[in-house]
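The structures come next, written out as structure tokens.
Each of the two complexes below includes subunit A, the first together with subunit B, the second together with subunit C.
Moving on, here comes the complex of A and B:
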């Protein structure tokens, strides 16, 4: 479990072999937005700049940093270039996940020219890591009569678009994943990164992956599986069978849980510990980045939150699910903010 | 929160001697009266003073605290007391010093904050390393660049042997000399500080008192800037019944941190290793210029506190220059310019990567800036009006 002071203190992790102790950082959902030529939304810039600067101060340094998708807001070259330039200041090696806001303008072409393939796997110190592109959708929608690429991009960028289409990983990647996992011993910890949750939360906002159950099925045989996703701009965690799900927060802005929005009655997974309401003055409140510790082979996540107290979500072996180490018990949850 | 019992009929303490250019005796008695009259209702614009149950106020304690506050024998050189840096005739600061000077004229790293209304702070010191006035009062005594004592023995020796102190501690705490410890010393000083409460400013009379002409039109426009385009009120908060002008939180507003930009990768782990070895943070932040700029991070070790310092009250701000934790900004104009630039003093400087959310370019017009300053000048309590530029002596 991570100490709350972890970011720059010297913490000995307790992996099986001393040399295999490691952590990695996750930064996500920067939504770099080009206002006009050469001018970007300052607030989103500052959020990402701060994540990069703080991550660089981590001591010991994380082995690598994952960017969880939506680097750009509307998928343009200018946005992706500007975001890549800010991220270039990071000292550790980077891994990238594709987000829908990176993708639906040119179907990921420029993004891939900067960051490489959108799905891949790698092994690191005894852990098998998988990156999926979970924000694809069916061909018919993708190549529909949009009139322009910009219009298609705008529909997907809208939170509650009536014309968007559910995200999916798709057959091609599922076949690839099945092949990739073949031969990986069941005892090896598996960590999967995706942009959208590989569990179904709320379709209206695309907090959703259409073929989530099929992906979960492929991950079922493993003893320890963590799925880490962006997209939702808030802290969520859940346990389905052997799989622990963790969201990461955005550097750009926070989103509420859809419960606060749905007008018709909708079934939503219950949110274990809701996030504190963000203070609108502190434009960074409700945003931040995270440090993931795999000391136990399960992801223990330290949420470094700007303008707010950090949170820790760690796997509790006694209950077999991730839990907030501070706010889990209802009587110790954060009280509503009162502020003038 | 305890409202002071109105039965407390406090009389002005014996006026301490104030030397130098400021004869100030009249001012001191006035301050003392103003403070003590608090025993009834708080001044306009302020809530009742919070008093901890463990240290109820009494006139004997306050009188003793005032004497201790001015006690120079509590310093290694016999020349420095609390009032050296928190001088009553300088609105309880050492204005115009940028940073405070302790024994042997050693410079600290922080600008002395006013004690006026310090009673309302939820944490003390610029980085909040002290939870209350009682605890705060013990630190400068043994800080090498402040009062320079090696330990508290000289303090205890004095208060247990000096006949005046023996009598006053007996009155205040009903304790014989041998039983007097630092707890009583701290409680007495804190009690005195809880009487340093100053409201009744032109703003208070206008806003809370409904007195139309109490504040100039420019200041009234400035109040609008303060609430709206200036975004000041988000940290310098006001309430319906009173205004403390602080959120008691800590923010990186781009002061000081920029000076150590290139050093952070070295400084942060160094500090944490030093803390693990057990160094005294109080001494470290006041004796090392670079460490001092880490702000509340030095205590909390949280990135959100990197370069972050406590929001000071704005009351009496016009008479307590220079400004910011390091005293680096000399005028209110310079302060407003810094915020207007989005957290940089020189608009061509690079903004701190760790800047608090909410600090951003304001695009205030020249007129708005002038009005905002007029508003801040209307926050001066009558007891300090003579210190204001153009104030009557």
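Moving on, here comes the complex of A and C:
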């Protein structure tokens, strides 16, 4: 059933051999939330369970599945274990990205014991993949006078907290990234995964990475670069120079677009056609998972939205930017895409 | 017994006379800067109570907060109420939608419309939306 609705990209292949075409899935922001011993918020559980079940039905199967961060809501062992148990049902190989809600309780210790390092790279069928941990912040904030690890975790998990601190990749990883990219030919497609956007949209909710420009600079020499990020629980896309940016939606709940907050200045990319305003009476509306097709060497993203029409954002070679394949032209937009 | 009863009746009168003596200048149409500051402080302290309820996870039974889906009370649109809430099939006020959220995503119990917490929640939501023109009925 699912396979019949998935898109076929009718474009010339970038790779020498057709059989090297591949896709991967992205599941993100599950926010598994512990209520009390052995009990978790039912709705968030259901979102992740559904993503796993539907991803397993894909035919052909994706080569791997990336989990985009925030598996847990408050970083506890119980939440990470419960989330890992749900994800264990996935058939393809998994790659993990660190989210702030996985990190700020024990500074990523338990997460790393389950999933390994928080930044790394790998090559797959001619594409260079990089995973960054973009949710770090300065040492002073991290090791500040919190009194308890739980309090620090709560401040970072609270999206609109006035006491949180801006996310950053940091010097150590930037140096690692520069070294990692050094030997990669410029014609090789590069795909970067991060939890927060490696571009600046709204600092108040950490739709933001403080050293985004420095990362962009390192990615500048490559012909084809895609940055895929979570955290924002909504569809966003943008083009900055050679870099295409794509967000992924959450399995847990959707977030309002930042321009809905009238007390602050925000910078949603003009290119983005927003997803529909969510109807809370449909528990899964505004949530889902993504299939990413790299047939052109650029990420074409198919948003499988549980209670809404799917969206497809693909690179348009004529305009040199990602565009929604249905709604990009202003006259094609629909009323529910108006956020206020 | 009778004498005692009369004395009780007179007590408020005596108290009222004493009050007049102390505040002879108090008039209904006079508002001082001090009054304005005090009333604003009262309002803001209610907004702050609302913000705590919005974020501390104690309103429902599952620890889910209003702020998880509505950071800074966004996508609540207090300026559009009363409006026809299509999912409920009738015109409602904001507190009815708040109660829907309390019962469903927060798996908790509804609050009375005049509950102090319900008033504080609306004070917070409306404060975060200050400056946006009233637009009742807007979907």
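The definition used in the following text is that the second predicted complex is superposed on the first by the 315 of 340 C-alpha atoms of A that agree within 3 Å, B and C clash if a C-alpha of one lies under 4 Å from a C-alpha of the other, contacts with A are read in each partner's own complex, and residues count from 1 in each chain.
Here is the rule we go by: contacts are C-beta pairs under 8 Å (C-beta built on N, C-alpha and C of every residue); 3 or more make two chains touch, one makes a residue touch a chain.
Computed from a predicted model, the values in this text were never measured in an experiment.
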First, second, both or neither for A:123, with subunit B first and subunit C second: neither
Which superposed partner A:255 touches (first subunit B, second subunit C, both, neither): second
Touching partner for A:205 - first (subunit B), second (subunit C), both, neither: second
Contacts of A:57 with subunit B and subunit C, given as first, second, both or neither: first
Contacts of A:281 with subunit B and subunit C, given as first, second, both or neither: both
Touched partner set for A:305, first subunit B, second subunit C, both or neither: first
A:223 touches, of subunit B and subunit C: first, second, both or neither? neither
Touched partner set for A:35, first subunit B, second subunit C, both or neither: second
First, second, both or neither for A:171, with subunit B first and subunit C second: neither
Subunit B and subunit C contact sites that coincide on subunit A, given as residue numbers: 42-43, 281, 339-340
Parts of subunit B lying in touch with subunit A, wherever the complex brings them together: 231, 234, 237-239, 247, 264-265, 268-269, 272-273, 276, 301-304, 306, 351, 353-358, 360-361
Subunit A contact footprint on subunit C (complex, rising order): 55, 61-65, 67-72, 74-75, 77, 87, 100-101, 104-105, 128-132
Residues on subunit A engaged by subunit C in the complex (per definition of touch): 31, 33-35, 41-43, 158-160, 204-205, 253-256, 260-264, 277-281, 339-340
Subunit B-facing residues of subunit A, complex: 4-5, 7-10, 42-43, 46, 49-50, 52-54, 56-57, 59, 281-285, 304-308, 310, 339-340
